[in-house]
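Residue numbering begins at 1 within each chain, and the chains themselves are lettered A, B, C and D in the order written.
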Amino acid sequence: MFASDNTAPAHPKILEAMVAANAGIAPSYGADAWTLRAEAMLREIFERDCAVLFVPTGTAANALSLAALTPPWGAIISHRDAHIVWDEAGAPEFYTGGARVITIDGPSGKLLPATLDAEASRYSRKWVHGLQPFAVSISQATEFGGSYRPGEIAALSAVCRSHGLKLHMDGARFATAIAHTGASPAESSWKSGVDVLSFGATKNGALACEAILCFDESAAQALPHLRKRAGQLLSKHRYIAAQMVGYLEDGLWMTLAAQANAQAAALAEVFGARTIHAVEANEVFVRLAPAEAAALRAAGAAFHPSAPDGEGAYRFVPSWATTDEEVETVRRALSAA
Amino acid sequence: MFASDNTAPAHPKILEAMVAANAGIAPSYGADAWTLRAEAMLREIFERDCAVLFVPTGTAANALSLAALTPPWGAIISHRDAHIVWDEAGAPEFYTGGARVITIDGPSGKLLPATLDAEASRYSRKWVHGLQPFAVSISQATEFGGSYRPGEIAALSAVCRSHGLKLHMDGARFATAIAHTGASPAESSWKSGVDVLSFGATKNGALACEAILCFDESAAQALPHLRKRAGQLLSKHRYIAAQMVGYLEDGLWMTLAAQANAQAAALAEVFGARTIHAVEANEVFVRLAPAEAAALRAAGAAFHPSAPDGEGAYRFVPSWATTDEEVETVRRALSAA
Amino acid sequence: MFASDNTAPAHPKILEAMVAANAGIAPSYGADAWTLRAEAMLREIFERDCAVLFVPTGTAANALSLAALTPPWGAIISHRDAHIVWDEAGAPEFYTGGARVITIDGPSGKLLPATLDAEASRYSRKWVHGLQPFAVSISQATEFGGSYRPGEIAALSAVCRSHGLKLHMDGARFATAIAHTGASPAESSWKSGVDVLSFGATKNGALACEAILCFDESAAQALPHLRKRAGQLLSKHRYIAAQMVGYLEDGLWMTLAAQANAQAAALAEVFGARTIHAVEANEVFVRLAPAEAAALRAAGAAFHPSAPDGEGAYRFVPSWATTDEEVETVRRALSAA
Amino acid sequence: MFASDNTAPAHPKILEAMVAANAGIAPSYGADAWTLRAEAMLREIFERDCAVLFVPTGTAANALSLAALTPPWGAIISHRDAHIVWDEAGAPEFYTGGARVITIDGPSGKLLPATLDAEASRYSRKWVHGLQPFAVSISQATEFGGSYRPGEIAALSAVCRSHGLKLHMDGARFATAIAHTGASPAESSWKSGVDVLSFGATKNGALACEAILCFDESAAQALPHLRKRAGQLLSKHRYIAAQMVGYLEDGLWMTLAAQANAQAAALAEVFGARTIHAVEANEVFVRLAPAEAAALRAAGAAFHPSAPDGEGAYRFVPSWATTDEEVETVRRALSAA
């Protein structure tokens, strides 16, 4: 428990949707009714038409998005601790054909407009010897549990526009982020200037389902070909689409996000002053004494070090499936330590 | 019906295994019990230790296998009508970093040792201006429903060895192929010299599950990194592993393959002299008069042209879920035409 | 002698231009006066403004041109015996990031409009499973010594336009080709619809100098970055530019091409009925009896088999430096055989 | 003057060697006598057999070297201000097929063993989510004019070995570096653990000539294919080989390096306390008051800012062709300022 939200099971409603989809023959490769329905639901939730592509992993969603925005000879600016930098084994480089990820720093995993502007200003499309940034990638929620408000996204987007850069959002935890900010999906993405969004469902209750929502016309042309060429187009496509239908139906996704956030808040309350980043989604970062860490592990908690935060820092990730009892276990172990 | 085996639903037992896996927390990225079990089952069925990697698409399985065998400056020899040539949108080129697929001809989608030897002899590792073949890829069953017997595979493998080439088998329909030949999984793969096998389950009853079985040590080292970098490592890995468990348990996979083959045989019997390739798995190729094709479509049959076979040639692909009634529908429509 | 035009030395005037450029300090990377002059000369000769980039090899010129026209997920259609297919070790695949070269046949290395149209018609931008052609590449002169007239190029270009394809011309032997056809450089390139031209100088008297002439605005934007990233931008750029100045000055390039063609014609006359392709530039293809080939080799002639032409077929390539005496040697050896 | 050593002309002896090579027919692609001679000279100078490949640019030499040492899914560790990071437009990423360059800091452009060890320790071949370093690249001389002594190289190499990493040296200014340290070519490369060396000649008097010296057997197998595929194999190869012969003959290369270093030392003496890095080759870094910079420019000096050194920092690069008068001009302008 707490090691990551991807150790949680799938929500029963989502599995039920898959079982419901398992009836008779259906067209393959996304021409089925479940896919059409899932696409329509996303377009309604995001309040506009856009290209929608389902893929089974967040790494694929991110890498495809970046490949659609950046030529092989381009570069992508992101936070130095971003998932695309540390946890995707070079997938952005692979999918883009060798573009470079340039990293900058920022508080709690967030990019700041001024820092982004300063970095982007170091490059020029006329300088053939150097890198050519084409895109910026931000994480929602960030790798340290921070969430961008629409105004913050819009400010970054404005910097992007001024430098001719496109804006990608890694929304592996988009649901818990906006459950925290209270902003609408549209306000948290295209209305604030996001060009392509990786919209995650897996960490929040699905089995293996992420959507790429592409609001940029030129990128939208390339994406279906990029996806197929990457072996990311599922043949029995109804089952990934059904997951998304189950995930979105009756607002399940926001319900699950709220649950995860509530447990994160409860956990933060338990950790008190040990907490080292504002808890704005479903991740909690704390600094623990060795004895505390040991006590927690002994009590059954699982958690990874948060390397960028230095010695004794750890990450706890409650999910939709986290129980009050699990949080209580932490409380008890900590008190005893 | 008949358009492709990937329009069929998943077998209930496989969905049940997924539902069974949906209990509590499980380690992500393949460290779970279901993965260990699926791997062990495959090693037992194939009668040897080997690297096993699960991926959600056949294109990914093939492209990763080829990338593990071929450097970016290499080439792969395959049949000119192979799936990797026509139906994967350049995935082999993408995953290998730009290797070329060289194509040769052969009856019913099969490579012949003499043809392979002649082609391989055109290249030399010392000639820097030309291509450098490193691998050969064959399909089991072939794109025209042919199945390789162990002796045929061994003969091709011998040619490969003599030219320093590795042998990949695209086993998207491995199950129906060996259900036809009667040879064991081991005899149909590594015992006959296959270095890497794409072992398909999706077309034969799974939702989205293929395994790469790697019998080559050097390729096995690279594969986990290649898979992750390609965004093909599922985070909630238990669900893909559970599919494989359900697929293999109690020999379900061979039962399903036998069912599909039986319907293919029945269909071939219905088509009679219209059949244009030997039916050695679950694909049936026929030449139809325009009126016959129209009558079949009117009766609800779906089928695609088989372009390489010329005007009026079509492919029918029964699956494990094909019913006697569906075959009967074809019979009636054909009689009436 | 005759093995290839790249075994010939450089023309003294071209070396002299390099020596003349070797005075004092000069800006690096193409900001020097020699580069400006060479560019201006090419624009005048080609009668229009265009992007000009110098690179030291023909393979680089071709691969960069193709990479500027084709995305990694695209394909290029060319003749099955083209230099980009057989003699560049996969450079098109490397530079494009994995695009595929699709090959078709045609007489004496030429593409025919009807064949090109038929091939291009096999693909659709809407079919994500298949290849996506973006460019066509033709060779001028062809790999069998044929030369395209402007009308022939325009006819191919019309097919390209109708399928949304760009047209690249591998002009490694552009000079000898147009010396034969008598058409102007402009008529033989952009006026007939060529989008990017590899304009060769090396085979016709330079040391290591090819120019990419890009008539397509979008491709022109990418090319400087692609060139630098490929390590193809020379730092002491004046020396490659000086070669081009020396090559073009006083029409030296056309003088040299005429010389090479004259020797090819003389050689063809010597070979008589043994000649197997029309001699439309500086390459001569012949079929020789084993005794004849042996006699020629004994006399000092060097020549390679022309594999696509079958047993006993050979290629002779006179250059600007070929002497009457060398042709005479062939005549004598042949008579004696 | 001083902008860069690549604004200098070629040394007359090197041009003379090219002119001498311009006689009659010669085999292409490196089978000529000049190439054999240049290779033999390098092997003698470096006191061992090794693979030698000539390429026209330093970027190509570096990128090919790195591609031979690192798979597409690997990473390369280098100094954060390295040429491969800032001045090659992503060539390492392109040539490796998408490997990442990881950067660390160090004084005056040098890597320190402890820093390298710490960085290398952050990665594990067993952690599929993260990067997989395969190589380390150091610059000799560094981008700030520092030179590695054999002991320093050996210490870095020991760290490399302990982590299973190969060591590449970007020796674009190898000559001036060892002219400063006094160590032999062998001691400065393979005897201290360098696996592949980019041995530059262009900046030190050649026109366009760099050699890759590969001491690693496995990398040596791939390099000829990588070079050809990259369009970096010159057809009239004698001219690049002749440059190397002229460069090495009678120790010209060390004479030229000594000249450049002497002028750098003289310049450093002129700049006095303004100098901000130890001058250990032919680069001089200084901090100037705006008035001083203006005065120098007015006097005809050309120089670029040294961005990593902050405001007012500039780089001066004397070459073999720098005259006493040019240094004197700087002295006068500085005194007057």
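Operating definition for what follows: a residue touches a chain if its C-beta (ideal position, glycine included) is under 8 Å from a C-beta of that chain, and two chains touch if they have at least 3 such contacts.
Just so it is clear, the structure is predicted and the values come from calculations on it, not from any experiment.
Peer 1: Select, from A-B and A-C, the pair of chains that is joined by more C-beta pairs in contact.
Peer 2: A-B
Peer 1: Going through A-C, B-C or A-D one by one, find the pair whose contacts repeat those of B-D for over half of the pairs by residue number.
Peer 2: Most of the B-D contacts reappear at A-C.
Peer 1: Between chain B and chain C, tell me the centre distance in angstrom, where each centre is the average of that chain's C-alpha atoms.
Peer 2: 42
Peer 1: Hey, how far is the Cα centre of chain A from the one of chain B, in Å?
Peer 2: One centre to the other, that is 33 Å.
Peer 1: Measure off the straight-line distance from the CA centroid of chain A to the CA centroid of chain C, and report it in whole Å.
Peer 2: 49
Peer 1: Would you give the residues of chain B that are in contact with at least 2 other chains, written as numbers and ranges?
Peer 2: As it turns out, chain B has residues touching two or more other chains at 29, 72-73, 88-90, 94, 97-98, 128-129, 132, 225, 228-229, 233.
Peer 1: Quick check: in the complex, which residue numbers of chain A touch chain D?
Peer 2: Those residues of chain A that touch chain D are 72-73, 75, 86-90, 93-94, 96-101, 128-132.
Peer 1: Any idea which chain C residues touch chain D in the complex?
Peer 2: Against chain D, the touching part of chain C is residues 1, 3-4, 6-10, 12, 15, 18-19, 22-29, 55-64, 88-91, 94-95, 202-203, 207-208, 225, 228-236, 239-240, 321.
Peer 1: Report the residues of chain A in contact with chain C in the complex, numbered from low to high.
Peer 2: Answer in residue numbers: 29, 71-73, 97-98, 128-129, 132, 222, 224-229, 233.
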